[in-house]
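This report refers to the structure that appears directly beneath it.
Chain nomenclature is as follows: A, B, C, D, E and F, assigned in order of appearance, with residue numbering initiated at 1 for each chain independently.
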Amino acid sequence: MSSEPRIDTALSPRYAQLPTFMRMPAATDPRGRDAVVIGAPYDGGTSYRPGARFGPRAIRAESVLLHGVGVERGPGVLDLLDVVDAGDLDLSPFAMENAIDEATTALTALYEHNRAILMLGGDHSLTLAALRAAHREHGPLAVIHLDAHSDTYPPVYGGRYHHGTPFRHAIDEGLVQPQKMVQIGIRGHTPNPGSLSFARDRGVVIVTMDDFDELGTAGIKRLLLEHTTGQPVYVSIDVDAADPAYAPGTGTPAPGGLTSREILALIKVVGDLQPVGFDIVEVSPAYDHAGITSLLAAEIGAELLYQYARSLDAVPATPALTVDHDSSPGRNNR
Amino acid sequence: MSSEPRIDTALSPRYAQLPTFMRMPAATDPRGRDAVVIGAPYDGGTSYRPGARFGPRAIRAESVLLHGVGVERGPGVLDLLDVVDAGDLDLSPFAMENAIDEATTALTALYEHNRAILMLGGDHSLTLAALRAAHREHGPLAVIHLDAHSDTYPPVYGGRYHHGTPFRHAIDEGLVQPQKMVQIGIRGHTPNPGSLSFARDRGVVIVTMDDFDELGTAGIKRLLLEHTTGQPVYVSIDVDAADPAYAPGTGTPAPGGLTSREILALIKVVGDLQPVGFDIVEVSPAYDHAGITSLLAAEIGAELLYQYARSLDAVPATPALTVDHDSSPGRNNR
Amino acid sequence: MSSEPRIDTALSPRYAQLPTFMRMPAATDPRGRDAVVIGAPYDGGTSYRPGARFGPRAIRAESVLLHGVGVERGPGVLDLLDVVDAGDLDLSPFAMENAIDEATTALTALYEHNRAILMLGGDHSLTLAALRAAHREHGPLAVIHLDAHSDTYPPVYGGRYHHGTPFRHAIDEGLVQPQKMVQIGIRGHTPNPGSLSFARDRGVVIVTMDDFDELGTAGIKRLLLEHTTGQPVYVSIDVDAADPAYAPGTGTPAPGGLTSREILALIKVVGDLQPVGFDIVEVSPAYDHAGITSLLAAEIGAELLYQYARSLDAVPATPALTVDHDSSPGRNNR
Amino acid sequence: MSSEPRIDTALSPRYAQLPTFMRMPAATDPRGRDAVVIGAPYDGGTSYRPGARFGPRAIRAESVLLHGVGVERGPGVLDLLDVVDAGDLDLSPFAMENAIDEATTALTALYEHNRAILMLGGDHSLTLAALRAAHREHGPLAVIHLDAHSDTYPPVYGGRYHHGTPFRHAIDEGLVQPQKMVQIGIRGHTPNPGSLSFARDRGVVIVTMDDFDELGTAGIKRLLLEHTTGQPVYVSIDVDAADPAYAPGTGTPAPGGLTSREILALIKVVGDLQPVGFDIVEVSPAYDHAGITSLLAAEIGAELLYQYARSLDAVPATPALTVDHDSSPGRNNR
Amino acid sequence: MSSEPRIDTALSPRYAQLPTFMRMPAATDPRGRDAVVIGAPYDGGTSYRPGARFGPRAIRAESVLLHGVGVERGPGVLDLLDVVDAGDLDLSPFAMENAIDEATTALTALYEHNRAILMLGGDHSLTLAALRAAHREHGPLAVIHLDAHSDTYPPVYGGRYHHGTPFRHAIDEGLVQPQKMVQIGIRGHTPNPGSLSFARDRGVVIVTMDDFDELGTAGIKRLLLEHTTGQPVYVSIDVDAADPAYAPGTGTPAPGGLTSREILALIKVVGDLQPVGFDIVEVSPAYDHAGITSLLAAEIGAELLYQYARSLDAVPATPALTVDHDSSPGRNNR
Amino acid sequence: MSSEPRIDTALSPRYAQLPTFMRMPAATDPRGRDAVVIGAPYDGGTSYRPGARFGPRAIRAESVLLHGVGVERGPGVLDLLDVVDAGDLDLSPFAMENAIDEATTALTALYEHNRAILMLGGDHSLTLAALRAAHREHGPLAVIHLDAHSDTYPPVYGGRYHHGTPFRHAIDEGLVQPQKMVQIGIRGHTPNPGSLSFARDRGVVIVTMDDFDELGTAGIKRLLLEHTTGQPVYVSIDVDAADPAYAPGTGTPAPGGLTSREILALIKVVGDLQPVGFDIVEVSPAYDHAGITSLLAAEIGAELLYQYARSLDAVPATPALTVDHDSSPGRNNR
C-alpha cells in the first residue's frame, strides 16, 4: 500500500482531478516501491498509423474507472501494492536512437530503485529499452508476448529501431531466452518466413490465431506455465493482439484477433509466475472511439498489477468461480 | 395486434416519418394494451459519462430497422401484441428525487391500464421506479438482471438515488425477492465486498464473467429457469453487460463483457417464464458510433417483446433450428 | 505473379502512393490474368443507410496493410497469382437499370479475358451483374453467401432491382443452382416467410445464427463441402454478415452476427472448392470508424484471393497448425 | 397559433418526446394551416456523398433547441402561426421519376389546403417538385436561392433529374421567372459556362462569393428587394451555401462559403417580401458532427417561419437593434 | 513567476506528463499566488446536452499547446504571474444544492489566500458560486459576460439552480451591479421577454449579435470600458458565445455566433480594467472534435491570464501592431 | 493541357477510380510538364499531433470534387496546364535526415524536367527540401508563407530538422531572400522573441492576425505585390493558417486564424506574380472530420494551379466581379 494519501473516490468523482493511472499517487522520482507505472509517449517507430505518443495520456484518462481505493472496495491493487504513477519518460520525437537510449537509462534507474515496472506505450519499439533495463536487473528473461505481429522484423527504411523490431534486437542482444518466449495472437493470411522463421529458428513458440482456436485459453495457459515457470518473466502486450472491434485505436490493426475476454482470461496465469516487468503498448487514441481501446489497455494494465500482487503472495489465489461461491470476484466500483 | 393503423414499410421507407419504437403506433395515454413502450430520458444518476437522457431518442431511431409490419413479415411483434409507443416520461433533469417519484407515478398508472411495460433508458436509477410500479401490480418480483455492475451500491456524493443503487433500494423496499434474482455479466478484477456481499448475503445469484465462461449460455438458461419459474419476473438489461466493442455508447463501460449473440441467446429463455416488465438502459448516444449500441438495445427490446408474446402463448414455441428445417426463423425485412 | 513491376514495400511505406488493392499493379483493361480486382462504387439499391459508393475507395485504402510483395514475405497472393487492380466500374448513380446493365457488360468482358474476378462493392444489387457475367462463362453456379439477410426479397418502392433482390433474380434467371446454394449468418428475431421461404422452397440451405451456434465452424465447412464440391462456385460476402461490433460501416447492420475470426476461418474452405468469382460488398465508410470495416473487407478479399490460388494448386494445402510446427502461417509485414 | 395542444417545455425537457420540428404539433393530413412543415427524406439525386435521406430526422432532432412555446417566450413562431409538422413524404429510394412525381402530387395537395410549406430535405432535386406545386397555386415564382452551386446543370449519367438540375427544369417548365431569380453563394475557382450561362442568359442574377464580398449583406438585401418585391417568392436554401466549417454535413461541400451569421442576416429580408414556399436541403447527417449542420438548418427553417409570420403582418417589424433599446430581440429559451 | 520548478518544454514534449493547465505547476492548496486555476467538473445544471463534467480535463489536455515556459518564449504568462493549477473542485454529481455550496466554500477559501481565480467549467451554474466568492472579497462586481444566452432565467423542473440561472441569482443576491454588467453574443430569432427583460429592467446591457454586427469589436470594447472601468470586474465566458463552427463541443449551441478572432480580440480590453475573477465554461468534450472547442477555451483562459498580468502592470501595454513594427506579438512555441 | 487521356466526369462519377489530384492523369516519371503534383507523406518532424503522413492520400480523395475536365467546364486547370499527378515521394518514416535528403534529390529531379511543382504535405519540414530544389533552379526565392507559426524555430529534442525549422534553415542556407519573404497569419498571445526576432532581424515581414485585422485582405495583397513582384516566388501554405473551425485536421492548431474565404481571396494575387513552386502542408486526416480540412487544402492547391496558369498568361486576368457582369466566375461541376 502506498505511503502517500490517496484520492478517496467516495469524495472525489472519478472524472475529477488530474488523471493518474487508476488514480494512484503521482511520484516523479519513486524509490522503494513494489511497482511503478511509467508512460512512454513515443511513436517515432510506427510504420503505419502514428499517434501512440498520446497513448499514455489516454490510457490514464480511461483508467480512472478502475480505481481501487476506499474501504468499499476491499483489497484492490492500491491496497495490495505500494505502487505509484511516475509520469512519463521525456523522449525525443525526432531522434529515434536518442529516444531508445534515454528510455533505457531512465527505466534502468527505475528498476534499480523499485521492484517492477508497468510501462504504458507508446509504440512497441520502446519495449527494447524496457527489456534492456529488466535484463540488467534480472538476467535473460522469459517473455509472454501478445501481439498480432511477432516484432522480430529486421530494420527497414534506414531505421535501426522501429516498432516491428524490439524482439529481434532483444534476441540478438541476449536480453531474452527465445526458448522461453511465447508469442500469442500472431496472424495474417500468408507466411513471412523472414521474421517468423527468425523467431522459430531460435526456439520462440508462436501461437497463431489458428493455434489459439485449436488450443483454447486453457491450453495456452498450460503452454505458458510450461515455458516460463521458474523464470523472471517479462509480459508485453500489444493492444493489436485484440481484434479491431475491441481495439480500433491502434497503428497496425489486424482483423481476426483476440477478444477482450480471452486476453483478460489469459493473463490471469501471470500471478502464478514470476513476472518482473510489464508493458501495454500501441494505443493510438486518434483512431479510438469512446475510449474503448484505452479502457481495454487500462484494464489489462490493472489486471497485470493485480496478478503481480498475486505473484508476490500479496493476495490469496483466486478462488474457484462458481455461482454458489460466496467469495467470487466482483466488480468495479460504480 | 394494435388497433391503430400501422406504417406500411412497403410504402414508407424505414428512414421516413417520426421514429417510434419499431415503427409502432404512438399513443400518449395508452389503455388496455398488451404492452407499452415508454422512454425514460434521464441521466441525473450517472456517476461517470452522462448522456443517457438521449438514449430513448437514439434507440427509437435505430429501431426502425426492426419493423414488424406487413404481410411479408409473418407473425411479427406488432402482429402478435397490441403494443404502442407511449412517448417519454417527462422527468426533471435537476431534481433527482422528484424524477424518481414522477417516474413511479407515471409507470404505476401505465401498469394499471396495461399489461406490461418496456422502458427505454435513461440511466439505471429509474429501474427503481419501474420495480415499484411493477411490484404494486404483481407483488415481490423475480429479477433477471444483465449488467457489468450489480447496482446494489449504497448512496454516495449526497445522492440517495443514483444509477448504482436501484437493486439495493429494491431489496430494502421489498420490491424484489433476492433469492429469485440473478445478475449476469458482473465483472472487474477485484472484489467490492460492500456491494456484492450485500446482494449475496440476501440470496442474489451473481454470475460473473468467469462464471459465465464456465457455465455457458445453456447453463445460465437452466439457472434462470430454476430460479425464476413460476414467478412474475422483471427483466432489466444494462447495455454495459455487453463488451464495449458491442456497446461503446454507455456511461461506465467495462471490458471483458458479453457478446451481442450471447445476450440475444440468453434472453430467449424469457418466453418460457412469466415476465411482467422489461427495461433496457444506459445507452449514451454521444459515445456511440454508427448507432451500434442503440441498435443492439433496440434488438434486445424487440426480442424481449417477442418473448413476451411467447410467454402469453401468442406464438408457438420456437422450433428447433436446424438447416434441414423448413420453418426456422428468418430475417429482418431489408 | 503479375508481369508489371510491383511496389516494393521495403522502399515505399504502405501509406504512400495511390492505394490499389493490396498495392497490386493497376491495369485498366486487363487480359489473361488469373484474377482481376474491380470496384463497383454504387449504392443506388440501398434501402437504409447509403454510402457504399465509397466502399471500393475505402477498402483499397485499408488494404495496403495487407501487401504481399517482396522477398521478405514469401509466397504471398501477388507471388502466386497474376492479379491486377482494374479500377472501378463507371456506373450511373441515377439510373439503376442502366447501372446493372453497364456492370453486366463490363464484368462479362472481364470474364472473357481473365480467369476470375473479385468485386469490391458497392451495394449488394450488383452481385446480380456479377452472377450474370460468371454464369455466361461457367453455367449455373453454386453459391456461398455470407450475409445477415437472404437477399431473396421481391421488388419494392417501384424498384425492380435493389440490394435485397440479387439472389431472387439470380434464381429466377437460372444463374444459380439453388440446391447448391448456402446462405450463412441469416438472422432476425421473427420470420419473413415471403423471402426466406422463396429460397427454401427452391432448395437453398439457410444457416441462421442459431444454426451456426449449433453446427459450429467445422460443421458449416462440412456443409459447404457437401453442397458445393465439384461445382463452379461464386462466393458473395455481405460485410453485414459480421456483427456491427466488427463491421459498423454498413447500411443495414444486424446485431448478433459473426465475428471476424469466424468469417476468416469459414472461407478457408474455399481453396478446397472450385471458386470462379468473389465479391465483398456493403461497406459504407461514412458509418465506419478507424477503417475497421474496410480493413475486415480487405482481409476477406485478400483471403479469398489466397484461397483462389490454393484452388488452382498454386500453393500447397495449408499445413496443420500446431505450435510445434515450423511452417505454420504467419503475419503481415509490419 | 395552432389549435392542437402544444408541448410545454417548462414541463417536458427538450430532449424528451418524439422530436417534431420545433416541437410543433404533428398532424398527418393538415388543412387550413398558415404553414406546414414536411420532410422529404430522399437522396437518389445526389452526385457525390449521399445521406440526405436522413436529413429530416436529424434537422427535427436538433430543432427542439429552438422551441417556441410557453408564456416565457413571448410571441414565438408557434404563437404567431398555425403551423404543424406533417411528417415526411414517402418517396421511393429506387425510382427517381416516381419520387419526383409522388412528391409533386403530395406537395400540391398540401398547398391546396394550406397557405405555405417549409420542406426539409433531402437532396435538392425535390425542390423541382416543390416549385411545381407552388407554381400551380401562385403562378411563376420569384426565387431566392442560396447555394454553392447554381443547380442549372443538364442531366447526366442517364438521370433526367438529379440534385444539380432543379432550377434548369424549373426555368424550362416556366415555373419560375428567371429575371426575378437571385442565386447567392455560387463559388468555385473556374467558370462552368454551360450551366451558369444557361442561367445568366435567361436573366438569373448570380451572386458569387466574390460578389458577396464586394456587395456585403446590406447590398445583397437591396438586390433581393429590387428583384423580388411584389412577387410570390420561393426561398430555397442549400445548406452548402454555408462554408464547410459551418455545414460539414452535406453532400458536395465547397470551401470559401457563407457564415451562419451572414445567412441568418440575409434571410431577415424575407419578411419584407411575399414568400409562399421554403426549403432547406442537402443536410447529410452522416458527415455532420455534434449536429451543427442540422442545427443550422433548423435555425434557418425557424427563421424562415418567423419571417413568414412577419410577411403576413403577424408581427411588428423588427425594431432597430441598439444596445440602448429596450425591445431588442433576445434569445432562445435555455 | 511561480516558485515551483516548471516543466521545460525544450526537454519534455508537450504531449508528455500529466497535463496541468498550460503545463503550470500543480499545487493542491495554493496560497499567496497571483492567480489560481481551478477546474469545476460538474454538469448537473445542464438542460440539454450534458458532459461539461469532462470539460476541465479536456481543456487542460489541449492547453499544453499554449505552454509559456523557457527562455525562448520571453515574458509568457508563467513568467509574469505566480500562477498554479490547483486541480479540481470535488463536487457531487447528484445533489445540486450541495455542489453549489461546496463550490462556494472552496472558492471562497481560494480567494482568501490568493489574488485571482480562473475557473474552468463545468456548466454555467457554478459561476454563481464563483460570484459569491469573488463578492465576499471584492463587493458588488461589474461583469463582462460572453454567451449565447443571458442566463437570467428563472428556476425550472424543480431545480432552484441550473445553468440558465446564475446571473439571475447573482442579481437577486446583490453580488453584481447590473448596471455595470454587459452581456455579449446573445441571440435567437425571437425575444424571451421573461429572462431578457428581467436583466434589462435592472440595467444590464445586452449586446445581441445584431448589435454586435452594428457596433463592431471596437464599439463593444468602448462599451465595456465605459461600463466597467474603475470597478472590480468578473469575466465569465460561456464557450457557446462562439458559433458552433468554432465551438461544437457545448451543451446548448446556437448558430450565428461569434468567431474565435472576435472573442480573442474583445477580451484584450480586460487588461485595461480591474479584473478579479474569470471563468470559461460549458465545454462538453463528447460533442467536440479534434479538441477545437477545448483548445479555444484554453486559448481564452490563457489570454485572460495574460490580460490579468497586464492589469497588474506586470507587462507593458501591447504595442500598436503594424507590419513595420519590430516588437509585434508573436506565436506559440511550436 | 496534358497529353494523356483524361477521366471524363460525365461518364465516371467523381467517387469512382483511383483518386489522383483533381482527377489528373497519373505519371510516375513526368517530363516537360507545366506543373507536377507530388505528395510528400511524411510526419517525422511533427512536434505535437502526428498523422500528416496520410495527408496526400486524404487531399487527393477530397480533390475529386474539384475536377476540371470536360467541355462543360470551360477553361479549367487541366485545360490550361499540362499537369500530372506524379504520386508520392517515398520517404523513410524512421530516419529524418535521410527523408529530407531523399526529398531534396527527388524534387530537384522533378524541377529539372518540369516547370513547377505543387507539393502536398506531409509536415512542414519537407518545405526545406522543396526550397532547396527550387533554389537550385531559380536562385534565391521570394516567399509567401501562410501559417500560424513562423517556422524559424531552432532545432530541439536532438532533431536538426523538424516542422518548426524549415524557414530558419532556408534563411541560413541562403535559399530565400528574407527581405522578400512575407509570413501571414502568425498568432499567439505572447511573443516568442527567439524565433520571431530571428526572422524580423533578417527582414522578414511578419503579418500577425492583429495586423491582418488592421490591413485587411486588400492591404495584404498590396504588401505581397510590393515585396515579391519581379522575383521567383515560392508559396508555402500551412493549413493551420486557417482557424481550427476551418481546418481541425492539423497537428498544431491555433485558434483565432484565417477563414477559408480570406485564404482563397489572398492567394488570387499569386497569378500576378512569378510563382515557381507551391506547397500545402500539415493536413492530418485523423483529426479531420467530413474531410473539410483536406477539401480546403485541395481547393487551395487547385487555386494555386489556376493562379499559376494565370501567371503564365495562360488565362485572361480575372474580370471584375459584379452581379451585372456576364463573365463572372462560376462554380464547380456538381
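Here is the rule we go by: a contact is a pair of C-beta atoms (placed from the backbone, for glycine too) under 8 Å apart; a residue touches a chain by one contact, two chains touch by 3 or more.
Quick caveat: nothing in here was measured; it's all calculated off a predicted structure.
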Moving step by step through touching chains, the smallest count that connects chain C to chain D is 1
Contacts shared by chain D with chain F include exactly C, E
Whole-angstrom distance, CA centroid of chain A to CA centroid of chain E, is 40
Chain centres from averaged Cα atoms put chain A and chain D apart, in whole Å, by 55
Cα centroid separation, chain A vs chain C, in Å, comes to 36
Flagged in chain E as touching 2+ other chains are 13, 15, 47, 53-54, 92-93, 156-157, 243, 245, 259, 287, 289
Contact graph of the chains (line, ring, star, complete, other): other
Inter-chain touches occur between A-B, A-C, A-E, A-F, B-C, B-D, B-E, C-D, C-F, D-E, D-F, E-F
Contacts from chain A onto chain E in the complex sit at residues 11-13, 15-20, 26, 39, 41, 53-54, 56-57, 60-61, 87-93
Chain E residues touching chain B in their complex are 43-47, 49-51, 53-54, 92-96, 98, 156-159, 161-162, 286-287
The residues of chain F that touch chain E in their complex are 47-48, 148-151, 153, 156-157, 163-164, 186-197, 200, 205-211, 213-215, 223, 243-245, 248-249, 252-257, 259, 287-289
Note: in the complex, chain E contacts chain F through residues 10, 13-15, 65-66, 68, 71-77, 243, 245-246, 259-261, 264-265, 289-292, 295-296, 299, 302-303, 306, 321-323, 326-334
